[in-house]
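Labels for the chains are A, B and C, by order of writing; each one numbers its residues from 1.
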Amino acid sequence: MSTDRHYAREFVRTFFTSPTAVQGEDDSAKMLRSAAQLRGMRAPDVWVPDNEDATAPSMREEGIENIIEVVAEHGADFPGEIHPRVVWHREDPAARYQGFQQMLRVARSDTGAIEHIDGFVIPEVGDVDDWKKADEFFTIVEEECGLEAGSLSMSVIVESGEAELALGDLRAEMGKPSNNLERLFLLVDGEVDYTKDMRAMTPTGELPPWPELRHNTSRGASAAGLIAVDGPYDDIRDVAGYRERMEENRAKGMTGIWSLTPGQVVEANEAPLPPVDGRWLLEVGDEEVALEPDGEAQVYDGDEVGLDVVGDGEYALRVGGDERVLDDEELEAELLDMTAYVPSLDDIVDSMEEFEAAKEAGRGAIAMTQSTTVVIDGVSVEISRDRMWDEATYQAAQTPITLFQDVHEHRPDQHEDLEEMYGADVVERATAVGN
Amino acid sequence: MSTDRHYAREFVRTFFTSPTAVQGEDDSAKMLRSAAQLRGMRAPDVWVPDNEDATAPSMREEGIENIIEVVAEHGADFPGEIHPRVVWHREDPAARYQGFQQMLRVARSDTGAIEHIDGFVIPEVGDVDDWKKADEFFTIVEEECGLEAGSLSMSVIVESGEAELALGDLRAEMGKPSNNLERLFLLVDGEVDYTKDMRAMTPTGELPPWPELRHNTSRGASAAGLIAVDGPYDDIRDVAGYRERMEENRAKGMTGIWSLTPGQVVEANEAPLPPVDGRWLLEVGDEEVALEPDGEAQVYDGDEVGLDVVGDGEYALRVGGDERVLDDEELEAELLDMTAYVPSLDDIVDSMEEFEAAKEAGRGAIAMTQSTTVVIDGVSVEISRDRMWDEATYQAAQTPITLFQDVHEHRPDQHEDLEEMYGADVVERATAVGN
Amino acid sequence: MSTDRHYAREFVRTFFTSPTAVQGEDDSAKMLRSAAQLRGMRAPDVWVPDNEDATAPSMREEGIENIIEVVAEHGADFPGEIHPRVVWHREDPAARYQGFQQMLRVARSDTGAIEHIDGFVIPEVGDVDDWKKADEFFTIVEEECGLEAGSLSMSVIVESGEAELALGDLRAEMGKPSNNLERLFLLVDGEVDYTKDMRAMTPTGELPPWPELRHNTSRGASAAGLIAVDGPYDDIRDVAGYRERMEENRAKGMTGIWSLTPGQVVEANEAPLPPVDGRWLLEVGDEEVALEPDGEAQVYDGDEVGLDVVGDGEYALRVGGDERVLDDEELEAELLDMTAYVPSLDDIVDSMEEFEAAKEAGRGAIAMTQSTTVVIDGVSVEISRDRMWDEATYQAAQTPITLFQDVHEHRPDQHEDLEEMYGADVVERATAVGN
């Protein structure tokens, strides 16, 4: 099995769950109906009408009817994929049978809802044999309803120790002729229930960070050609924290994240896109501070770093409490070490085009120059860095571009937002480069 | 196999090893005798008379006799479980045979010592086939001594790379009819020998933190229905460090820790119990500072955060070197983000009871309110936060209560300590809630 | 299978790749020739003439000829092992066949180059079945060229999720009669391509730290009796960062690191050797500051910690903004907690000899005393710490000595450097102790 993705999307940024039935509302499908009509940056890549935790147990019968009704009505126009979540539990056969019935009901409905549904999400899975039970129900549903075998995707919520262990078996298991596990799509971490299953405790009750779980999910996805998605971020008002979590996740190869609100959807849709403007960072201790652009110069405006001219071509550079006297060359070297550049989408496209041209001309490696003027305490220092680009650098730089192109291809409803953000010219070049 | 624990205890807080033979003492069983007579918070959940590392090789014959003698005499009254550690090594058949003989000798002794023994601890295990060799010796011992198959628990010390890998196989292996690995009980990390086996080095010789090992042990325990226990904390005078380690471990789902002294036993017994009094924390940078209660208010008494009234309903909030002017609403929002509350046992019971009553009344989710007055630089700010509780929140909050109830059920010798700590009323409600 | 290493080296500090063909040079083997003539601390433990990434695809034919020529000429005198890297890719059969041909060509060359070659490095491996394909080509090459089966070592670059997962299977797979995987030698992380394969992104394009990958590689090596080596450190001017990475790696049991330049080779050869002089550290917050030796005393020369005599036997100790008044005993205890000692090679040898003598005399555990005078703000405090040494402590302390002895045995070209560094006497005692 190659690790080529068998489904259309290569990246999924947003996994948005919305309740299917709200007790006591006049219209119990109200929130569902509103989610189905989201567009642009407010619409998720994957929308999950949730008939599990977001719906009270007594409302799940009504919930599944709501899914059928709303998807039949709005599904054709929804810009993302639709993957309802049904009930399931590795230790509860009744829950599993109920999940099976829910899928069957959606698939058999004469409303045609199933035509707009890309797959189902199975929560609370256990070891890989439990995943196979779900897969078998998908297969039966497909057979019963005249769908092609494997046409419905299966996504799972990893929220137990045994499911985490199963992530290491998927690659081998998916190749077996006795199952249709090639239907697997998203591996989603569910940290709330995982924490409960692991019996973990924190003083304030906030969730542990679980870095190993996220690594293992991302690695499992990479090895089996799937897509890894992080779990919900409960504190929905904490936008900075949500962004930080997503940046951490991207460094782990996990590009997608669960969104609980349309506001989180916007954040999560935009977060993995390269920035509109490049920016310079100065590392101070363990922190990275953004420098303030002033024309071509980059100004540091803090107290932690200080710079003085103390003689002819002699400078006193202070970092925290530590001061050193340096000559021009040493100063530039030091500042080069302390600075880093975050490239914009435009910058990445430029570099890739430049490398492609060089490759065309028969050169395998070229030096890319980054230079600027850093201003600290009114003292200006020119810095310039050559970075060698070879095929490997080129390919690594390509990940954000591949993501951008994937978004552009599959989300026409976001074209306007992208053009407004980056300008039509950059968008056009970014969709063309590397192909 | 369900992940339900097959043994009585669901949690083990303390794994206390004590030497079985001290060379050159008049009474070589002195330390053993003294450990056997610990009670209350000074007595561990699991006591491990140690005939391996804590006993010189030449004294192990005498050591096993000491175990038999002391357990026969004091075992009936010991309030925790008793699991002697015998010798074993994945690469030394002689050590394995010796371990077998030691178990056999304990089981065959006409003193009746075996009646008070719950299992044995096997150190230095290798891959899962090595665990099976030990399991087979347990089975033979049981057969030879007329004990029911599987009646002796087996705990292992994970102190090699291959044993760490075996943690991923336990769930599948324990189901096989050809072994009795269902007898597995504790998975204990042994970081000293693990460090040696991994050939790891630190400049000062202190142990590496091994976060991945601890995660894998905890996950293995969760997947196979076992209990994970962290290794020894060598610096026995460093109580703050021991507590910090335990807090880290609990966030990984590892509630138990090795104790080397009765002093560490007290710390480790108390650490996972919810606090007697709730407290507010203020996040300052990466640190969390406890606020000082003053009546209903919570006072911050540090230099890192400052607050001034700068106009009518306008405040200057300084965090580190960063100052912002905020209105009432923004200030409350900011302080809400910066504060966190550590609930007491009483608080947790309250919340659970409130949610249970709501559920009884047919509501699936309710808002719990936390509010207080935060005082910074003499300026008082009321803050109030609603947190939604649903079934998942309820179940996650239950872990510390389940632990408390487990302790209360299995350690009557600690009832007096618990009542003195929390008050009889809170203890009674905490044992009743959630059942 | 025991975890005893089957090959000569137990440790590999440096994995040095050098280009085999440089496009546009008069002498395309120039860099190869220069690498072959490195000696002493500038010569790596393992030299990897690189016919993969460091050589342009169009030059690989010429590259393999260059390897043959240079190794035939200089191989006999090269002080380290020689393991050329050929091309390979888990998803590209043409690349795999090309790698096979390259090995065959080296082995068949009538120059006798193969006599100086210890093995080959296979990049971009996939799951363990992919490793077996490479192993089979090694076996065929050996058979075709009259070499003993298994005589060529195989090292791999782990740079995909599936290869990381394979690390857990090696121990079991290497025992199977259907392969010759016992030839495995180095497990090398390749973070650039791994990052690409995991689709990970960071804002500045710098590599994520991948702590779990490094742990898993080190654990896989430990479980299967192999040697773990970390990947390239791109910023070749950042010596401090390279050293920090190596210190982190050693705490994970990964002693070796990739070197891209002879300068990095020197750093990586010296880094794991114990220091020439011991030194005291003072922990201040999360940082460790080296104290300045002044005769027998150790002077702290910073602002973060302050000490004053405030009365008869009363001291005010300030750490950061936090001041406490302590008596003599409390002050010593506090400073003991805050200090740590980094032992020199000489110190380690002393302690081991002392313990060996005690063991000879029938004692299983002895107390080792470390004492010094710490001077803060002119106030001198005597501190003294006893550490118990038993067999386990002794064996853990042995890792750096085993490493030293391994280096001394296999790298006679570094004897002069070692003696210059440590003095002939210390070198002699260090090679004798523990045997």
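In the analysis below, contacts are C-beta pairs under 8 Å (C-beta built on N, C-alpha and C of every residue); 3 or more make two chains touch, one makes a residue touch a chain.
Since we're looking at a predicted model, the values are computed, not measured.
Trainee: What's the rotation angle, in degrees and to the nearest 5, for a C-alpha fit of chain A onto chain C?
Mentor: Angle of rotation between the two copies: 120 degrees.
Trainee: Note whether the interface between chain A and chain B is symmetric in residue numbering, meaning over half of all numbers used appear on both sides, and answer same or different.
Mentor: Because under half of the interface numbers appear in both copies, chain B and chain A meet with different residues.
Trainee: State, to the nearest whole Å, the distance from the C-alpha centre of chain A to the C-alpha centre of chain B.
Mentor: The computed centroid separation for chain A versus chain B comes out at 35 Å.
Trainee: Out of chain A, which residues touch more than one other chain, so two or more?
Mentor: 168, 211-212 - these are the residues of chain A that touch more than one other chain.
Trainee: Quick check on the complex: what are the chain A residues that touch chain C?
Mentor: Residues 2-3, 11, 168, 171-172, 211-212, 215-216, 218-223, 247, 250-253, 255, 272, 275, 281, 321, 333, 337, 340-343, 364, 390-393, 395-400, 403.
Trainee: Would you tell me which residues of chain B are touching chain C in their complex?
Mentor: 23, 53, 56-57, 91, 127, 160-162, 164-165, 168, 192-193, 195-206, 208-209, 211-213, 237-238, 302-303
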